[in-house]
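Paired with chain B in one complex and with chain C in the other, chain A is shared by the two complexes that follow.
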Partner chain A sequence: MLKRFKRFILRLFGKKPEIRLGIYGPPNTGKTTLANRICLDFTGEELGTVSEVPHETREVQKKERVVIEHNGKRMTINLLDMPGISTKVDYKEFMKFGMKKKDAMLRSKEATRGIVEAIKWLDNVDACLVVFDSTKNPYTQVNVTILGNLEAKGIPIIVVANKIDLKGAEPEKIRDAFPQYHFVEISAKEGKNVDKLYKEIIEKLG
Partner chain B sequence: MPHKCMKCGKIYGDDAEEILGGCECGSNLFLYRDKFDEKEELEKERKEVVEGITEFIANLKRDVKARIRPKVEFDLESIRVLEEGVYEIDLGKLLKDIPLVVEIKEGKYRIHLASLFTKGKEKSISIKDLEDRDEE
Partner chain C sequence: MARKKEKKKGVKIEFLSRSILEGKSFDEKLDFIMEKVKSDVILVLEEGLTPEEKKKLIERSVSEIDDNFPGIEFSGFNSNPGIFEKILSVLTGQERKEGLVIVGSSKIMEKVGEEKDMISLLAKME
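Right after this comes the complex of A and B.
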């Protein structure tokens, strides 16, 4: 309520507020790839490292005052790339990627701590991009729980169906699963449709 | 119209001798009942007795059950350590405004005190919180 009041006052005096934009979603959906794409497009620097091993991002990555632009409209965001949210973290999954047991176990602990951190940050974000993998089934407990809770907290959401460059991608399944939210299908890796996403961010979350 | 003995509850008609001479229980006090339906009164008393007995038996059963099987209800854990390096996260509980509780192993819990004092809003854990170790 206070956040909304502050934004209202800022707008009243012609100042555009900065918003804290959290990138949420399950692991390996391309959240960091998207964060990197946004940062590269508007600041020329990447934010975090990308890996095929799940839970690469285990701490909240922040990039402050990123000014995004579309068709002459501007908006300043503080970008927060969140650790992937899952209901189970198993070190054995990491060992399949050639990781040593000791390292995999440490990664598992850090990933679990990261999930707690990501959820803690829900109280401090103004808006969210919820990123899904278009090649995966959208009807999962994690997806429904994340979206349901963001909605309950009154946080504006854009559902982002990522990885549309991959064979077997079915972004329409994600759109049909969550029709009540703003929706954009993109390939963060190839930059496809990211312009549409910037437009949505400025128009729907600004 | 009926008169009810205030001591034993026996009912007498308007013209009964006992109203003047006294009830057979010895009492001389009678309560005048304007509209009295004996059947209705009996049914009401019967219901009260049945309810009383049912409640008494239910309480007795509950007490006995509690004595035989004392059970501690504990369903608060947000994170379960299935084995070292394997964690099960209950997102629903983590998102609720309840303290962060890690079940280190069956029956052993770690309660995150910061989240306890801030009604669950301060949920941060360290890696050590996930380990089965004795508290310093």
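Right after this comes the complex of A and C.
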């Protein structure tokens, strides 16, 4: 409530507030790929590394004062790429990707810390992109929990259906599962529809 | 000769009515749930969970992950309160949580599918 009032006062005096924009979602939905796309488009450098092994992002990655532009409109965001949230982390899963047991167990420990950190940040973001993999079932308890908590706090959300470049992508399933939220379907990897996303961020989250 | 009691193989499922957890704080409920789940019991709770409670359940279970406990699977039907129920919960300060929650260790429970009105689970027997 206080944050909203502060933003209202800033707007009243013609100042645009900076927004802490969190990128949330389960592991491997393309959150860091999207964060990299945004950072590359507006700052010229990437934010984090991506990998097919789940839980590549195990700490919150931050990029401050990213100025997003679309059709002459601007908005300054502090971008927060969150570790993927899941209810389980099994080190044996990492070993399937050729990782040694010791490394897999360390990754598992770091991943659990990252999940807890991401959950704690839910109270401290001003707006969110919740990223889904369009080839997967959207109706999971992790997704319902993320969206439910953000909604309960009145934090504006855009549901982002990512990976529409993949065969079998069904972004309409995501839109139909959560029709109450702003929705954009994109391919962060190929850059498809990211302009639409920037427009939505400025118009709906600013 | 006395027969040696054979340990039965299988997955234990406990169905808990709303009244069992009634009167407990959510932290106490979490203690109860985690103790059962870590003993490889699948719990079916009559009462649903709020988004805040689900967040706490994920946070708590992930914090307890170690070499023997890989985390949880949970599913449930979510209530969609109407405007009257929302006003009533604001006025009374009590949120009535309709729905159903199924929670278990991911070691023994695998979610196969989940829709708004259908859940399918696989109990793993090693």
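As a convention for this text, the second predicted complex is superposed on the first by the 206 of 206 C-alpha atoms of A that agree within 3 Å, B and C clash if a C-alpha of one lies under 4 Å from a C-alpha of the other, contacts with A are read in each partner's own complex, and residues count from 1 in each chain.
FYI, a contact is a pair of C-beta atoms (placed from the backbone, for glycine too) under 8 Å apart; a residue touches a chain by one contact, two chains touch by 3 or more.
The model shown is predicted, which means the values in this text are computed figures rather than measured ones.
Q: Are chain B and chain C a fit on chain A, or do they clash, once the structures share the same frame?
A: clash
Q: Which of the two partners, first being chain B and second being chain C, lies in contact with A:139: first, second, both, or neither?
A: A:139: touches chain C, not chain B.
Q: Can A:104 be said to touch chain B (first), chain C (second), both, or neither?
A: First partner only.
Q: Return first, second, both or neither, reflecting whether A:117 touches chain B, chain C, both chains, or no partner chain.
A: A:117 contacts chain B only, not chain C.
Q: Which partner does A:177 contact after superposing on A: first (chain B), second (chain C), both, neither?
A: After superposing on A, A:177 lies in contact with chain C but is clear of chain B.
Q: Figure out whether A:51 sits in contact with chain B (first) or chain C (second), or with both, or with neither.
A: Touch status of A:51: no partner.
Q: Which partner does A:151 contact after superposing on A: first (chain B), second (chain C), both, neither?
A: In the superposition, A:151 touches chain C alone.
Q: Pick the chain B stretch that clashes with chain C in the superposition, from 45-53, 63-71 or 81-89.
A: Stretch clashing with the third chain: 81-89.
Q: Return the residues of chain A at which the contacts from chain B and from chain C coincide.
A: Touching chain B and chain C on chain A: residues 85-92, 105, 108, 112, 115-116, 119-120, 122, 141-142, 145, 149.
Q: Quick one: in the complex, what on chain C touches chain A?
A: Touching chain A: residues 50-52, 54-55, 58-59, 61-63, 65, 67, 70-76, 78, 106, 111, 113-116 of chain C.
Q: Considering only the defined contacts, which chain A positions touch chain B in the complex?
A: Contacts found on chain A: 85-92, 101, 104-106, 108-110, 112-113, 115-117, 119-120, 122-123, 141-142, 145-146, 149.
Q: Sort out for me which residues of chain A touch chain C in the complex.
A: Touching chain C: residues 85-92, 105, 108, 112, 115-116, 119-120, 122, 137, 139-142, 144-145, 147-149, 151-152, 177 of chain A.
Q: Can you tell me which positions in chain B touch chain A when the two form their complex?
A: Interface residues on chain B, with respect to chain A: 78-79, 84-92, 94-95, 100, 121-127, 129-131.
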